[in-house]
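Common to both upcoming complexes is subunit A, partnered first by subunit B, then by subunit C.
Now for the complex of A and B:
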């Protein structure tokens, strides 16, 4: 298989669009079902996220009069494309694209693109609720990136490389525990789930940055969220779950750790109430900062 | 039948997102919509999600007799919903004005302004009846039989 065919396969089938969409929809269902069970409800059947997505794709689209039409349609496409590219970079089991030096930096950039698309989406639709949501998302981004970047940089320092496959193969050490804590602190805010569902706060600011979005563009934003979940889970797996060597065991370990992570985030979301943006920001700069400094210190010492 | 069209129609039946708006109701029907999402009735099993923005919704639930003050807001909400969409009139008020009939402030019935697909009578209707109405509206959406879809097909 030549280089181009390999990249095309990775982008379209696995770990790109097709596989990640299936996994992402599965994770979304797991989250909804677990939330429902914790609330004493039965919850939706497992195909529910797929039907939601298809239905949204089949609706007509209403564009607000004051919005820039080009930007309105482009933002969700860019968000999906950036997340799909990010999926190709991460060396999960079965990824045919080899890791290259510096791909950590590329991945960190691609992870921010959907967030920027959300912020712009809030402003471009001219809705006051969207603008509030965009402002909150921007502030929160400055908070959760403290432990998130701290964890990734500490692991890179520990592995002595900015290549994801080197990070995956790095030996176990105290730094892994500290970095994992810092990474996990940032995950709920990255996924905009409780107690950090501040930018998309339902009931409070109606529907967040996507309030004016509908039809196919909204479906693409939902899809990019599903892919983002997969991307973060993949990154967690690469950074903190060591490879056993046997491909079948690796794949099983990958699936088990991702479901466990999704369930943990969902359980926290179901058990907590939403914070104010000020408290969340302080939380990330104090506790996230402590976790980041501890993992960096452990990486430098060891 | 085209498999893509089949999947789309199935999705429309399985994923009806609702938006509830009051056209001057006494709040009785609106209160009955809340329990539909509670553990006892759990409408999420049918794929129903309550949306905060009419632009995300497929089914519009209207309560109240349509007062003069609420009419323009109701029409704006209806116009903002992207098609295909269905309309469910909750309670007796949208149909007949109920106890508010012949009041000078009431400008109903709702069918004067908006084509209604499903009527759910009652003062207020029980959550089971509301869910049955929503499920029926979702069936109509899947079969292309709502007033909005018929008008779209005719034009």
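Now for the complex of A and C:
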């Protein structure tokens, strides 16, 4: 297989669009089902996220009068495209695209693109709720990136490289534990789940940045969220779960730990109430900052 | 922490969401949705007259049949139609209307076919067999059946002819032709 075919395969099948969409919808279903069970409800069947997506795709799109049409349609597409590219960069088992030096930096950039799209979507639709959501998302981003970037940079320092495959093969050490804690601290906010569901606070600012979105563009935003879950889970696996060597065991380990991670985030979401944006910001700069500094210190010392 | 206890109880207990099958049993004497037997219906429209919420209607637009129509969504389950039906064509066996989002399941339409009069051919609604036995207990003879196969005016003619014949003797054929 030549380079182009490999990239095309990675982008469209695995770990790109097709595989990640299936996995992402599975994760979303696990999260919904577990939330429902924790709240004493029955929960949806496993195909519900797919049905939601298909139904949205089939609906007519209404663009708000004051919105910029081009931006309105472009933002969800950019969000999905960036997340799909991010999926290709991460060297999960079976990814045909080789890791290259500096892909960590590219991935960190691609991870921020959907967030920026959300912020812009909040402003572009001219809805006051969307604008509040966009503002919250922007503020929160400055918070959760402290432990998130801290964890990734500490792991890169520990491995002595900015290449994801080398980060994956890095030996286990104290730095991994600290960095994992910092990384996990950032995950609920990145996924906008409780207690950091501040930008998409339902019953408070309706649906947040996506309030004026409907039809296919909303479906794309939902898809980009599903892909984002997969991307973050993949990154967590690459950074903190070492490879066993056997492909089948690796795949099983990958699936088990990713579902465990999704369940943990969901359980925390069911357990907690939403924070105010100020408290969340303070939480990330104090506790996230401590975790980031601790992992950096451990990386420098070791 | 009590919230953990709550979550654990929720997770381990059965879901509080109920399905349509979990419906509670109906009490004794519960009227419920009415049932209509088209083989007993004479199309007298008594049920339609007493139905306050107009859940029952008759469609008489077709020349060859009459259609009894019922919509459970409009029914108040008062049971007046059951009480007023002279032939017990309407009963309430205590069934609930189906739990569904599909309104068509709450609509019932029964067609009762007309039959041509044996003499003049006008469409008539025949008396159901069960009613015939109720009206003439043990005496549903051939002449009764022949009479029931006629429309009202033909039956009246036949009755007056019978009476006249009884008094004056059978009229000659030619005389009948001139009248």
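The rule is simple: the second predicted complex is superposed on the first by the 302 of 302 C-alpha atoms of A that agree within 3 Å, B and C clash if a C-alpha of one lies under 4 Å from a C-alpha of the other, contacts with A are read in each partner's own complex, and residues count from 1 in each chain.
Here is the rule we use: a contact is a pair of C-beta atoms (placed from the backbone, for glycine too) under 8 Å apart; a residue touches a chain by one contact, two chains touch by 3 or more.
Just so you know, these numbers come straight off a predicted model, no measurement behind them.
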Touched partner set for A:17, first subunit B, second subunit C, both or neither: neither
First, second, both or neither for A:37, with subunit B first and subunit C second: second
Of subunit C and subunit B, partner touching more subunit A residues: B
Contacts of A:45 with subunit B and subunit C, given as first, second, both or neither: first
Overlap of subunit C and subunit B interfaces on subunit A (superposed complexes): 36, 39-43
Contacting residues of subunit A [partner subunit B, same complex]: 32, 36, 39-45, 47-48, 50-52, 54-55, 57-62, 202-203, 206-207, 211-215, 218
Residues of subunit B that touch subunit A when the two form their complex: 7-8, 10-12, 14-15, 38-39, 42, 44-45, 47, 49, 51-53, 55-56, 58, 80, 82-84
Complex contacts: residues of subunit A adjacent to subunit C: 36-43, 267, 270-271
Complex contact set, residues of subunit C against subunit A: 3-4, 7, 10-11, 13, 15-17
